[in-house]
Every structure is written in structure tokens, then in C-alpha cells.
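Next come two complexes, and both contain subunit A; in the first it sits with subunit B, in the second with subunit C.
After this line comes the complex of A and B, so read on.
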């Protein structure tokens, strides 16, 4: 939040006091949005917890299941495979995407025209749907008619979708391909808000470019890094479409992340109860991670950082 | 008095924070020094992005002889639009129209009701509005995937299963938190004096909202409309779970079926990928400045 906004927000209540009556009348304006949000986002959150204790095949009647779903899912090695993969993809994606988007963000924050043009092109992958990206990559990976032969790099002609490790690596690469541009944009905005005077002072003190990056740019981007990481980490729980179309969770279960595991259990195996258990786990992980990352930003900053999301 | 106030402060919103000319000039002199490593990395990443896109486009223009016979990255020897024709004849227009309906039917209500909520949150006060705002902020962390089973159940119970409306309702709900957040950040930047002078002129809150806040928030509205539109247009899970009939498929789902139908005809599959992206590309080209500057402001405040 810019400093001017904070001042204004702080000054506002005093002025409004005179018109208190009028102001409270505004509350009804939130009602339509609230109804949509409560019915289709908040209630399902409660619903999924209830369904995790129910027996339902997706079509017939819903019965009580007690703790059965929970004990069956928690004792299923498939859950731990999915959990491990979810965290693995999350961590490796963060390690791959953050440095790239940070550096590209710093780079594109410059004002030369060609950088602006590059930034336009960087945005293109975000326009494609995950389904389109997955389908396109399948064609690209064709050992005979895809990129490998076109680029004259035969080592790229692998059975990418048939070998577990390769499929996993591919998934991480394609995710980076699609989402690095978005985070680049966030960092670009962050860099543009760093006061120029800091760099001038550093230059007078004789600090080189690398020193400036580590002592000014990086610390100044702290909250941008947290915002981007939060979006990245929480978003990684939801890479469903891409993996569903690209690998379908295979080969074997080598790319079957939690969200996909939930879909396959619920809508393919018709086990909505166990699928709901997975969904609850997904929600808990998402909330815990989001809160943890906000904490990194310090307690006072929590509110404004959430707003920064 | 009121007219003075108005003409004074009307200039303020014309230069949103971070966009002043001064800031731009000063940045140029600084960042130019990072050129060499940054430039190298920038161009490498460009290649990583562009080569696949180039491959998709040229392959979609190839005949099957061209696809099987040529170097995959060579320009088509005999470019053809046959693949596009094939795709357009195979239900593409139905999928396209469904996507248009779902996108407009989600984005328009989202922006409208979120704008009203954002206006109330910024301009009103009291515990209720604080609570609502807090709830929307919390909503940012709810993953759509995790709620899909109860949504499926609810849509069945509402007798909406296998309809386009079934996709729109949850799409609106999940777009509200971020939309309210971005719009309220922008409305907060409107100087209080403007609202005061509207009130002195005898305008009701309702009039102030539509005649003052709405026009001044237009850049943000364009931003959130494009951003949400992109999301709904590309949405896959909700249509996959909530519809069934081929006649109700939206584009991403249609692509997925094309992939099965034309599995031996890769150029046709890629033509459908290109076609499905074209409308969003056109909108991006038209609204790019708006979208990028709006998102930058919305995400990195």
C-alpha cells in the first residue's frame, strides 16, 4: 500500500463521523456479493468437511460413514504418495520459479522499449488455458515430429510421459513455463516502487551492481517476495488442469498430486467420502501455508500484505 | 466552494501512484546498468517462451505431408487453412459460443456486485462491513478444487447439473474476493474531497457510487474484467465436473475432446489450440496496458 493511501485511510474516519447515519446504510450493497460468496464458496467449505464423514457414490443417497473414510484414507499409501508429490512439486517449483521471475522482474522494470516489448511477449503463456498448454506440450514432445528434432537436439527425444522421473520434471517445467511470466509481472511492479534515492546513496558509497542487488533490491522486495511466494505455493495446490490433461497422474501414480487424487477418487472411482477427506487435507494445507507465509512478513504487516494479495 | 474543491482534486486521480513520469525517468538511468546479464537471461527466457508458441502456430498451418516430412521448426512449405476449416466444422463454434456465454455471464455479475461491495467497504464503516471485508480476504486462500464435491452436490440438488448456469454461479463466487480487493484498493485512492463535494451537492450514496466512483474506477474495472474473463475462459474443472452433454462443452473441454478425436491429426489439434486462444489474444492486445498496470498495482502494493 502506498503511503498516501495509508494517510488518507487514517484521516477518513474523522470526516465520516458527521454522516454516520448515511454510512451505515451502505451495508446492504455488500449483500449480493456476500450471498454468492457464502453459498458457493463458504458453504461448500463446510460441506466438504461434512461429506468427509459421509458415504456417497455421487449419484445415490448419502449415508453416514463415521470415521471410516478418514481411517481408510489415512492408512492408504496412495495418500502419502500424493502428499509427497504435492510438496515436492511445490518446493521445486518455488526454487525454480522464484529466482527466474525475480531476475526477469528486475530486468523488465527498466524502461527501454525492447524490454517493454519482451514483457509483452512474456505474457503470452498466461493467455493459453492449461488444457491448451498441456495439449500443445504433448505435440511438442513427440520424439519424431516435435521440438527435439526441430532443434536438432536428439537427447530431448525422450519418452517424457512414459518415465516417472521425466514426467515429473516435465510437469515442473511446464508449470514454470506458464507461471513465471505472472510472477515476473509482480516483481516488475515491486522493483518499480523502490525509491531511486537508495541506489543513488549506494552509488556514492561505491557499491557495485551486485552489491546493490543484494543490499537494496532484495531486502526492498521482501514483501513482494512473500506475496509472490504465497500465490505460488497456494497456487501449486491447484495445478489440477495442467497435470490432468498432460499426464493424467501417470505414469503409474508418479504425478498424481492431491487435487488430482481427489478428483480421481471422487469422480472416477465414485468414492466421494474419501475424496472429501483429501479435499479437507487440501484446504488445511492451503490455509496453514498461507498463514505461515504471511507470518514471515511480520505480524503488523499481515493485514496490509493480505491486502497486497 | 464545492466547485472549487472539485476542480482542484479532479486532477489527482489522473496520475495514479507509480505511473508518474518522474518515476519512469529516474528508473531508466538506474536499471540501464544491469544490462548485460539481465539482457542475456531475458533473451534466453524469451526463446523458451517463443519457440513452443512458434511451433504451435506453424504446425497448425501444415498439411499432413508437411507435418510428417519437414523439419518440425521449418515454415510450412505449403501453408494451409484446412486444419482450421476442419476444426470449425467440428463443433468448434458451439464450444466457442458456450465459452462466450459462460465468460460474459460470470464476469458481468462479478464486476457489478463486487464493485458495489467494494464501494460499501471503502465508504461505509461499522463492524459488519469490517467483518465482510475480512471474510472476503480469507476467501483468497480457499482453493476452488477443494470445494468441488459439495458444489457438485449443490448443483445437482438445485437441478442445475449439465447447464451453463452451473458453471457461472461458482465462477462468480470464487472471483469475488480478488475483485473486491482490487476494486477497493482503487476506490480508496479516490480523494475524500470528491465524495464530500458530491454529498454537498446533494447526491445520495447510490448516485455517488455510479456517477463518481464508477467512472474513476474504470481502469481497475477493465483490469478485473479481463483478469476474471481470462480465468473463466480458461476454466477446466468446473465445466468438467458440472456439465456432461457435448452441446454444453466450453472451449478447454472441447480442446480436450478434439485431442481424442484428432489424435492422429496433430496439426488440427494445434489449430484448435490457436483458435481457442485468438479471442483472448485480441482482448489482451486491446487492453494490455490497462491489464498490466492494473495488475501491477493490484498485486504489488
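After this line comes the complex of A and C, so read on.
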């Protein structure tokens, strides 16, 4: 008899009342994860908060600075330039990447063999490291020794990374080139989860492909869109390596986004205090954005997406 | 049952403590990347030829004659190294031998007691001290104390030009700023860029400012800036310098797309030897790479070099130079006594040996040691080497590169503002004001 109970417990653990002992055992299992979270996430966060009120050049002694760092950073036009650029890149990147990855995801979710081959091709940019992508683009775009001159197409030999507006546009393009594959993959998975029967029912009712897309695919992908957007938006706060290698924040300050501004202040200019202020601002913006996007999902986000709804 | 729980608890406690234990052992630095095993010392150096081979040979030679005091070297790329060494020193993980360029960065290390005071050691070893150019100790000295050993070579900034293009145009290299502006027109009319510039690297643009300010205002202007005198950046010479730079930019003096060209990739040198640009203001350290990669451009005698032109009405001595008086090596104050001893022994016997000096001369550089005139005279590169040697030796003032002379905070602000000055996104007046705000930082 007892063996049947255990068997059942294993098969449907939620249905069985947990004994106090089991509960405490489960609580213990979270301890290692908690420790890692505290050591590698919370402690540095507190450290950064403390440093934002400190005077430190990264080498000598740490002294108290009061609100000095905050007032100097908040009154620095450089901060608002960086903030503006960060949000501009975030929004434009979302507007560029989401439709492309959504459509590519829907397309590659099909079953024909050529789609699988294309999906592999689309996926390739994601396999390259950001630094490699940046170096490659930099070499290709060089106005004197780059691809354009090599192919004999002088009209393409623009000063792509030397003119502020062009450089910003190019950064957004390269980011999209690198990350569209990832979001395509997410959408591909999302589309494959949609039950075939929904489309069959729609076909019987006489809905065309476009109607099916807007009335079945898109609504069914709601949570996929939110997931992908969260990753895209919060991820754009940390775009760093690619821009660092591609433009170094230049020309002038035209691509000096917040994460790069933080690095340059902290590790180039030895201003750890002001850099920590920017780090705190980044964390706050990231949290607010992530919470906002989760709210968009609505309260039924735990609900089923499967047929029967 | 109780027993079982307690043993589980102790297991979890162990699991919980382990990461801390691991962190504790790595944090005390005994097994960190900065230390060497046994009685040896560690050193970080810059990657890239020909210097990497030269230094590796010196280290190997020192190691084979001192088997108990070996030096372990790790190589890094220039820009990556500059960030890494700062972080390592801040974290107490510095190598025994700290390589650098002296000046403002060394000052921050010295004031934080991170590097050894070598003054008394140099006094005890006068032979060693007298071996080097006296001027090379300037950037190694902080508040009257010597914190670094000068080494490698002197590297002034030089105006290089393409002789072939100058012959074709029937013109002479510029002697005055007016010559510069008229050459800009000549070469633009020929369809050749007057000046090559790796503007994305920013310190490349800085060299223009250094020389122009020196020629216009004399060495005193920068001296006042370095000493943090009030309103030192607001000197009219600074504003005139900025104005001249923007005039040159407006006249298409620099190659199209200069702000996206980097010096790390050596694209600015390539523009000169491929004939796409007529002139290049760069450090003498670019001679070696151009000789190696320039398709016989140097060997065929097509590379010309002159000092920076004068500016009409300027106060600066036309013999003044700017650039790197030397490279420097300090000893980490955090190293053990044994490591420090090894480092000092290496400084004395291992680093600027005759073999190393010859290697630098063979690669087209002027080592910073006295009594090398004979060696320079017999070198195949003797024209260039003598030019560099005379420039460095005869300069009434040899200004260390600003990004090294200033504090890291001011240097970063300078590079950023120079970039904007060249892009004409700020006026010379704004440039001076922005920089004035960094005085004393």
C-alpha cells in the first residue's frame, strides 16, 4: 500500500500534501542558489551603491564623497546624451529587430527542408563573438581599404564610422545583424507551439494566410513577443563590447551609450564613484523596464496558451 | 532521523562555505596571475613585434644565468594592457614588474603607495643611473623621488612624408604653418590627401595639438597646465591652437574619413606608404612597422621625415620635441622581498643589455642609453636614427605625451574633447573651457 502512495506521489507531486519535513528539505535545496545569488548578485550591487557615494580612483584609498558623485553626474550633459542614445538605440533596435525576427521566425517554423537550411544560415551571425563581428565590420567598412574599394564601388566608400549619424545607424544595423538570429529562434519555437488545429479550424472557416497570421499566430505569440522584447530591451542596456570595438563611443560622443560611458568613466578616467552612479542608474532602468514589460503580459500570464484556452 | 538531518545540514554548510573558501584563497594573491613561483618575479609586457621577441630573449638570457630568479612574462595588447594593469593594481594583483609610460599614471600609483621608491637604490647604483639619458628620468620622477627604471627607446613624434609624392608635386616639406596650408591646397588639387590621420584612436589627433601648442605658446603653457595652475587651459595659445586645427580640418587637410581610421590597425601608416596621403604626423615608433610592412617604401628611400613646422609669431623653440622620452618599469610595492630583489637584479643586469640595445637599433629605434653614437652611425637606418637621436638630445624641452603626462582623469577628458574639436562639434573656446574644468583632477 505504501509503495503505491509513493508511486503516486512521484507521478503527481503537487496533489499530495507536503509534510513539514519535505518542505524543510526543499527549502534547504535553495540554499546553494541563494548563496550564489547573494555573493555574485546582491553583494556587488550593494558594493556599487556604496561606491557611488565614495571617492575612489580605483587604485588608492576609498574616501567618502557624500552626494558629490550624484550631483556631478546628474548635472553632466554627457549623462543625458548617453541616456538619450541608450533609449534611441533601444527603441530603434526593437522597431527594426522585432518585425524581422517575427517574420523570419514564422517563416522558418515551416517544415520544408530548404527552410531548415535557411534557418541555419540565418543563425550563423549569433555564433560569432561581438568583438569578432565588430572587427570584421570595421575592416569591411574602412573607407580606404575596405570592401567598397576592394569591389570597385567607390560610392559605398563612405566614412561610415566617422560621421556621427552614420555611425549611430551603423551600430543599430550591426546589432540587428547579430541579434535577429537569436530572436528568430525564439519566435520559431513560439510558432511551433501553436496547435495545428487552430489553423485547420480557421481554414475551414475560410481564413487566408494573412488573416490566419493576424488572428491566430500573432495573438498566440503574445508571450513570446513579451519574452523577446524583454530580452531585447533589457539587453540593449548592456550593449557594450560591439560598440566599444566598433566606434569606441565616437566619433565625438555620438555612440557613447550608458554602459560604455560607465566603462570609460570608471576604467579610463579612473572615476569609480561617478561610474558607480551610472551603474546604479542602469540597474534601476533595467528593473523598471523589465517590470513594465512583465506587466504588459497581464495577470493571466500563468494561464494556458494551449487549445481550449 | 535526527542524525541524518544533522549530517545533511553539515553537508550543506560545507557546500555553502566552499565558495567563500575558494574566494579567500584566490583573493590573497598567492596563486593569482600576478605572482611567479619560486624566487622569480612576474612581468607584464606589450605584445607585438619586434619588441616582444627582444624582451623575451632578454628574459630568457637572464633566466638561464639566474636559474633561481626567473622572470615570467605575460604579453598584452597596448590598449587592453592599459586598462588591465590599472585594475590589477587597484585589486592588489599587480605583477612584480609594472610596465608603463611614467607621468600622470605613475604618479597615481606612487601616491597610492603601490610602487616602490627606487631613489636610494639608484643612488647605490650610480653606474646604472648614468647609463641612461638624463632626460629620461623626468617622467619617472614623482615629487622628487624616482619610481621607475627608464628603458627601451626614445620616441619623439615626427612629421613623415612621401618623397615620391612631393617630387611629383614639385614641393618641399613644410617649414612653417603657412607652408602647411599651401601644401594642403597643392595635394588636394592633385587628388591626394595632404595628411593621413588615424583619428579614431584620438591620441593621434592629440599629437597635432601638442606640437601646435608648443610652437605657438612655448613649453610654459603646458607646464602650467601640468602643474594645475588656475585657468591654465584658458591661455590664448590654447585657443589659437584649436582655431588652427579647425582651419586645417575645414581646408580638408586630413584624409576623408579620418575619424574612423585607427592607428592600432596601422591604417594611417598604410595610407602614407600607398601614396594615398602625402604626410603623416606620428611617433618615431612607426618607422619599424613601415619598414617591415611598407613594400620597400622605406628601403627605397621614399620615406622622408622632418620636425614639426614653426608658426609665425609663435613663442616655442622650433627644436622642442614631443613624444615618449622612454618607457618605464616600476616594482610593485605589494611584491614579496624576494620578488623585489629579483626585479632589481633584472633591472641591473637583464633589461638593457648590449644585445637588447642592438636589437632596438636594428629595429629602427634609438635606445635611451648614452654612448650609442657609433652604433647608430653604422646602422642601415642611420639617417633616421641620427635624426631621432639629435631631435631627442638637442631638444631644449622634450614634452612627454599629454595622455601620459596628465592624470588618467584629465587625460580621458582631453582625448574626448580633442575628438570633438577635430569633428568641429565644439569650438576652440569650448574646448579650452571643458579642459579648464579638469584642472586639479
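Methods note: the second predicted complex is superposed on the first by the 258 of 309 C-alpha atoms of A that agree within 3 Å, B and C clash if a C-alpha of one lies under 4 Å from a C-alpha of the other, contacts with A are read in each partner's own complex, and residues count from 1 in each chain.
The rule we apply is simple: a contact is a pair of C-beta atoms (placed from the backbone, for glycine too) under 8 Å apart; a residue touches a chain by one contact, two chains touch by 3 or more.
In this text the structure is predicted, and so the values were computed from the model without any measurement.
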item: Superposition-derived comparison: subunit B or subunit C, residues of subunit A touched; value: B
item: Touching partner for A:140 - first (subunit B), second (subunit C), both, neither; value: first
item: Partner chain(s) touched by A:252 [first = subunit B, second = subunit C, both, neither]; value: second
item: Subunit B versus subunit C as contact partner of A:95, first or second or both or neither; value: neither
item: Which superposed partner A:162 touches (first subunit B, second subunit C, both, neither); value: second
item: First (subunit B), second (subunit C), both or neither touched by A:201; value: neither
item: Partner chain in contact with A:36 - subunit B first, subunit C second, else both or neither; value: both
item: Which superposed partner A:67 touches (first subunit B, second subunit C, both, neither); value: neither
item: First, second, both or neither for A:192, with subunit B first and subunit C second; value: first
item: Which of subunit B and subunit C A:287 touches, first, second, both or neither; value: first
item: On subunit A, the residue positions that both subunit B and subunit C contact, one per complex; value: 28, 32, 36, 39, 58, 138-139, 142, 145, 267
item: Touching residues on subunit A, where the partner in the complex is subunit B; value: 1-2, 4-5, 8-9, 11-13, 15-16, 19-20, 22-30, 32-34, 36-37, 39-48, 50-51, 56, 58, 100, 103-104, 106-112, 115, 118-132, 135-140, 142, 145-147, 149-151, 177, 180-181, 185-190, 192-193, 196, 199, 209, 213, 224, 227, 231, 234, 237-238, 240-241, 244-245, 259, 262-263, 266-267, 272, 275-276, 279-280, 282-283, 286-287, 290, 306-309
item: Subunit B - residues contacting subunit A, complex; value: 17-18, 23-28, 30-34, 38-39, 41-43, 45-46, 48-53, 55-56, 59, 67-68, 71-74, 109, 113-114, 116-117, 119-121, 123-126, 128-129, 132, 135-137, 139-154, 169-170, 172-174, 176-178, 180-181, 185, 188-189, 191-192, 196, 199, 205, 209, 230, 233-237, 241, 251-253, 255-256, 259, 266, 269-270, 273, 276-277, 280-281, 284, 288, 292, 295-297, 299-301
item: In the complex with subunit C, residue positions of subunit A that touch it; value: 28, 31-32, 35-36, 39, 57-61, 138-139, 141-145, 158-164, 167, 247-248, 250-253, 264-265, 267-271
item: Touching residues (chain side subunit C, partner subunit A) in the complex; value: 8-9, 12, 15-16, 19-20, 23, 83, 86-87, 89-90, 108-109, 111-112, 114, 199-200, 202, 255-262, 265, 267, 270-271, 276, 407-409, 411-413, 416, 419-420, 423, 425
